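Next come two complexes, and both contain chain A; in the first it sits with chain B, in the second with chain C.
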Partner chain A sequence: MTFLQFVEGPLFYVAAAIFVVGVVYRLIGILRLGGERDLARPNGSATGGAILTVLRHFVPRRTFWRGSSFHFVAGYAFHLGLFVLLLLAAPHVAFLQERVLGFGWPVLPHWAFILTAEVAFAGLIMLWVRRFVDPVQKLISTSGDYAATILTFLVMLTGCLALQESHVALRATHMVFVDIWLIYFPFSRLIHTFTFFFSRAQTGATYGRRGAKL
Partner chain B sequence: MQNTLLTSARTSVGKLGTGLALLLVLLMLFGATETYAQSVRAPGNAVNLDDGIEDGPSNALGDDSQSDFWRNFRGGDPNDIKQMLEARPEGAVLTTTGQHWRELRENYIRKYAGWFPLGVIALLLLYHLIKGKMRIKGGFSGKTLPRFNINQRVSHWFMASVFTILGVTGLIILLGRPLIAPYLGKEVNSVLTSASMQGHNLFGPLFIVALVWMFIKFVRGNFFQWVDLKWIFKLGGFFGGHVSSSQFNFGEKSWFWLVILVGIVMSGTGILLLFPWLVDDLRWLQLSTILHAGGAILLISVLFGHIYVGTAGMEGSIDSMLKGEVDENWAKEHHDLWYEEVTGKSATEEEGTS
Partner chain C sequence: MSSDNKAQIAVDKFLQFTDGEVASFFEACVHCGECAEACHFYMATKDPKYTPTYKLFPMVKAYKREKAPLHSIRKMFGLLPPAVTEDELREWETLVYDSCTMCGRCTMVCPMGIDIAGTIRKMREGYAAADIVPDGLKRSVDFVEKTGSPMGVTSKALLAQVKHQEKETGIKIEVDKQGADYMAILSSMEIMGYPEIIGAYAKIFQKAGVSWTISSKAYEATNVGVQIGSGPLAKEIVTRVVDAAEELGVKYVISPECGHAYGAIRWAGPNMVGRPFKFEVVHIIELLDQLRRDGKIPAGAKDGRKMTLHDPCQIIRRGGLLKEPRRLLDESCADFVEMENAGLGNLCCGGGGGVSANPRAAELQNAAFGCKADQLNAIDGLEAVVVPCANCRTVFEEGLEEREIYNLEVLGLGELVAETLKDIEQAEG
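Right after this comes the complex of A and B.
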C-alpha cells in the first residue's frame, strides 16, 4: 500500500468516522444540556422566534451594517466559496463518487473553480488578518481560532497546489491535511458549522416566547 | 593450355565490355533514357518545378552576403532591442529572439537574481551589527496616537499575505532549477515547481485586488513634498541626526510608489503570462517574463528593507500596523510634522511647556 492509498483509504475512513461520530456526540451533548423550564405565560411563539432568528441573522440589521459590513462580505466570500469548492470541485465529486457515495453530480468548470477559490481565499485571508489587527477581535480570539483558520487555509492551499494533478506527492499532502482537518473538526471551533444553528435558535426561541420584536 | 584458355577468356570479356559500352552510347544517342523516364513519370496533377526556369538557380543570393540573407530571413537583428520590440511577426519567416530570451533568462536572471535579495539582507545585517536597533530616545511615553485605521491595516496585511505567497512560489519557479534541483533532486524540484505554478497563478489576481485596495487606502499622504529633500540629504537619519517628516517620510513614500508602479507592471505582465492568447506576438510574452522576474526581484529585495525598519530595525514601528497606534515619542522623533499636525503641539517642546 502506497502512502497515497493509505491517506485516501484507511486514514480517510477513520478520519471521516471520527468526524461523524464526533459531530453527533457534540450536538447531542448540546441538546442534552436543555434549559430551565420557563413557567411564565408565553407572549409569543418560541418556535416562530427560533426560525425567524436563524433566518434573519444571515443578514445584519441595518443598524449594525456599518460595523459588520466587513465580516458580512469577507465571511460570505469565504464560507460560500468553501462550500462551493467542497461540493462542486471536479476532483472532490470524483473522489466522493469513487470512495464513498457511488454516484456523482455536475461539477464546476475549471475557470469557475479558480474564480471561486480566489474569492474563498480572499475572504479567509481578510478574516484572519482582521483577527490580529482588530483590538477587540484579538482580545476574544484564542489559539484555537488561529489553529482552525490556519488548518483550513492549509487544506485549501494544498488542494489548489495539487490542481495540476501531475504529482502523487501533492495529492497525498492535500489528503493528509484533509484527514487532520476531519479529525480536528468536532473538537474545535470548526464545530460552529453546525452549532451556529443552535445558538441562533436558542436566542430566537427565548425572545420569541417573550414576544420580543425580532 | 591453361594460358591459352585465360587469354581467350580475357579477349571474350573485353569484347563483351566494348559491346556494352557501345550499346550504352547508342541508347543515349537515340533517347532510350527518355523511355526510362516515361516509365516512372509523375502523376497527372504533379507540378513540374522546372517549367519556366531557363538557366537554373545560379546567383541565388544575389549580391547579399550570407549574414544579410539570414538576418532578413529571421526578421531583424535579434541583438537590437528596439527591433525586438518593434518588429512585426508578419515580416519574419523565422525569429531567433527566443534563443536570446533564453540566454538572458538562463545566463543572467537565473544566475544573478538570487544575489540581490541576499545582498540586501547582508547589508541590513551589517547595518544592524554596527548601528543596532533604532531606539526611541525618550523611551515609550505611554501615550499613543492613532496612525492607521482598521481598513488600512487589513489592506496592508492582506497585501503582505498575498505577496508572501507569490514571492515564495515565484522564487521557486524562477530559481528552482539552479537552486533546488542540484541539491534536492529533479523530482523534488518538479513537485515544488508544479505546486508553485498553481499557487502563483491562483493568487496572482488577488495581488491586483490588494494593489488597488492599498492604493486607495494609502495614496493620501504619499505625495512627495519639499521636506523630503532634507530626508534624502540626511540619508533618512540612518547614520545619525534628526530628520523631519510628515505622515510618511521619503523612504515610505518611495516604497509606496515602487509597490504601486512596479505592481502595475507585475500585474500587466502577469495577466499576459496567465492568458498568453491575449497577444499574437511571442516577444511580448518573452518581454513579460523578463519584466516580471526583474520586478519581482526588485520588490522582494526592497521588501526586506521595509520589513527590517518595520520590525527589528526601529523600536515602536510595528505597533502602527498591528495596533494602529504609535507612541507619541516615536511620532515626535520620526514624524514630527505629522505629530504637530494631528496634535496641534510642538514636537520639540517638552510636555507642559508649550
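Right after this comes the complex of A and C.
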C-alpha cells in the first residue's frame, strides 16, 4: 500500500469514523445536560421563537450593522466558499462517489473553483488576521481558536496545491491534513458548525416564551 | 473558608448551573467579539475586558475542565484549561457584578444568539455561594433579611406613604383587602422616592372600577436575591409575595415599574417556588394598556411636551412588552419621539442588574449612562423622558445631574397615564 493509498483509505475511514462518532457523542452529551421545564405561564411560542432566532441571527440587525459588517462579509466569504468547495469541487465529488456514496453530481468548472477558492481564502485570512489585530478578539481568542483556523487554512492550501492530481505527493499531503482535521473536529471549536443551532434555538425558545423576539 | 474551598464552592455551583442551555452557549461561542460592540460598558470605555463573553471565562473554564463532553479525551492530550482559582474569581468579580446589568443587548448582535445576561445571572450563583460579592449588594441583603426590603422600608413606612397618597388624591386605598382582584407590589425605590405612583394607581383603578389592594406583609417587589445571585434568597422573596397573594385570594399580582422585579416574579418566580402560581402576574404597563383598550380609562388632553421613552431592558427586550408602552404614550403625549435604536435594541441605563446598588460601580455606571445621554441629546428640544422603571429612573436622574442637564424631566409611565386621564382633564377644565 502506498502512502497515498493509506491516507485515502484506512486512515481516512478511521478519521471519518472518529468525526462522526465524536460529533454525535459531543452533541448528545450537550443535550443530555438538559434543563428544567419552565413553569411560568408563556406569553408566546417557544418553538416559534426558536425558529425565528435561528433564522434571524444569520444576518446582523441594522442597529449593529456597522460593528458587524467585517465579520459578516469575511464570515460569509469564508463559510460559503468552503461549503461550495467541499461539495462542488471535482476531486471531492469524484472521491465521495468512489469511496463513500457511489453516486456523484455536477461539479464546478475550473475557473469557478479558482474564484471560489480565492473568496474563501480571502475570508479566512481576514478572520484570522483580525484575531490578533483587534484588541477585543486578541484578548478573548484561545489557542483552540488559532489551531482550528490554522488547520483549516492548511487543508485549504494543500487542497489547492493538489489540484493538479498528477502530483501524488501533494494529494497525499492534502489528505493527511484532511484526516487530521476530521479527527480534531469533534474535540475542537470547529463544533460550532453544529452548536450554533443549539445556542440560537435555546435563546429563541426562552425569549419566544416571553413574547420577546430576539 | 479556606481559599481552595471558595474556588471549589464557586466551581461546584458553576457546574450545577451549566445545563444544556448554558453548555450550548459555551460550545457555540467562536470568540468573534461582536458582543463587545453591543455592551454599553465596552462602548463607554473601549476596554476589551468588558467584552461580554470574556465576563464568563471562569465559568467556561470550569465547564471545559470538568463537565464538557469529551473532556477526558482532551485531558489525555493536555488540552484542558487550568483549574479556576480564587484569585481569578476575585479578579473577575468586578466584571461579573459591576460591568454587567444583565441587559441582554449583546445577545442581539451575537451570531450564535448567546444569552450572556442569563448566564451571568447563573454565574453569580457561584459567586454568591462562595461569598465573593460586592459590599453594596451584601448590605442590601442584610436589609432584606432584617426588614424584607433592600432599602429598609418597613410596613409602617409603607402605610405612612399610603395615608399620604390617600390625602393627596382623596381616594381611599384599602390595604390587605381580602378578595380584591389585584394586588399591587412596589419597589422600595418607588415607595421612598416616587410615592406618587401609589396615588396614580388609586386614581386609575378608581376610574377603571378595578378592585385592588396592597398587602402590608408583602409589598416589596425588588428581588436582591436575583441581583446578587442567591437562589434561596430570591425564592424567599418571591414566596413572601406568593403567600400573601394566595392568602388574600387575588386573581392578579401587579408587577410595578421596575425591570428586574418583573423578570423575577413573572418569569423566574414559578420556577423558584416549583409550581405555577394560583394567580397571574401582570405588569402594570400591560394592565394599563389592557384597561385603555377595553375603554375603561379613556385618555383626556395629552401632555404637550416633546417626550421620548426609555425601554427598560427587563421589561422590553427580555420581557416582551414592546408595543404596550408605545400605545399608552401615543395616547398620553402629543409629541412622542423615539430614541435611536428604540425598542428591542435600546441601550441599558447602565444601572440595572444590581449595578446601581453597588457603590463601587458608580463611576462605571455613570460612564455607561453617557451612551444613553448621547441618545437623549440627539433629540432636539426634548422636554421629558418617560422611564417606566424606578431603578432606571434614579440612574437617569443621577446621570443627568452629573451632566448638569436640568431641563429634562424624568417621569414614570403610571403617573403620566394618571395625569392624562379623561376625568382629570374635565375636572380641571
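The criterion applied here is as follows: the second predicted complex is superposed on the first by the 213 of 214 C-alpha atoms of A that agree within 3 Å, B and C clash if a C-alpha of one lies under 4 Å from a C-alpha of the other, contacts with A are read in each partner's own complex, and residues count from 1 in each chain.
Here is the rule we go by: a contact is a pair of C-beta atoms (placed from the backbone, for glycine too) under 8 Å apart; a residue touches a chain by one contact, two chains touch by 3 or more.
Keep in mind the model is a prediction, meaning the values are calculated, not measured.
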Q.
Output check: A:L170 vs chain B and chain C. Expected answer is one of first, second, both, neither. What do you get?
A. first
**Q.** Partner chain in contact with A:H71 - chain B first, chain C second, else both or neither
**A.** second
Q) When the two structures are overlaid on chain A, which partner does A:L39 contact: first (chain B), second (chain C), both, or neither? A) second
Q.
Which partner chains sit in contact with A:V136 here, chain B, chain C, both or neither? Use first/second/both/neither.
A. second
Q: Return first, second, both or neither, reflecting whether A:F121 touches chain B, chain C, both chains, or no partner chain.
A: first
Q.
So in the superposed three-chain picture, is A:L161 touching just chain B, just chain C, both, or none of them (first/second/both/neither)?
A. first
Q: Could you give the residue numbers on chain A that contact chain B in one complex and chain C in the other?
A: 134-135
Q. Hey, which residues of chain A end up touching chain C in the complex?
A. 22, 25-26, 28-36, 38-41, 43-44, 53-54, 57, 60-61, 63-64, 67-68, 71, 75, 131, 134-142, 144-145, 186-187, 189, 191-192, 195-196, 198-200, 202-204, 206-207, 210-214
Q: Could you please specify the touching residues of chain A with respect to chain B in the complex?
A: 70, 114, 117-118, 121-122, 125-126, 128-130, 132-135, 157, 160-164, 166-167, 169-170
**Q.** Residues of chain B touching chain A in the complex
**A.** 150-151, 153-154, 157-158, 161-162, 190-191, 194-199, 201-203, 205-206, 209, 321-324
Q. Of all residues in chain C, which touch chain A in the complex?
A. 18-21, 23-25, 27-34, 36-38, 42, 48-49, 51, 53-54, 67-70, 73-74, 77, 79, 104, 107-115, 118, 266-271, 274-276, 280, 316-322, 341, 344-345
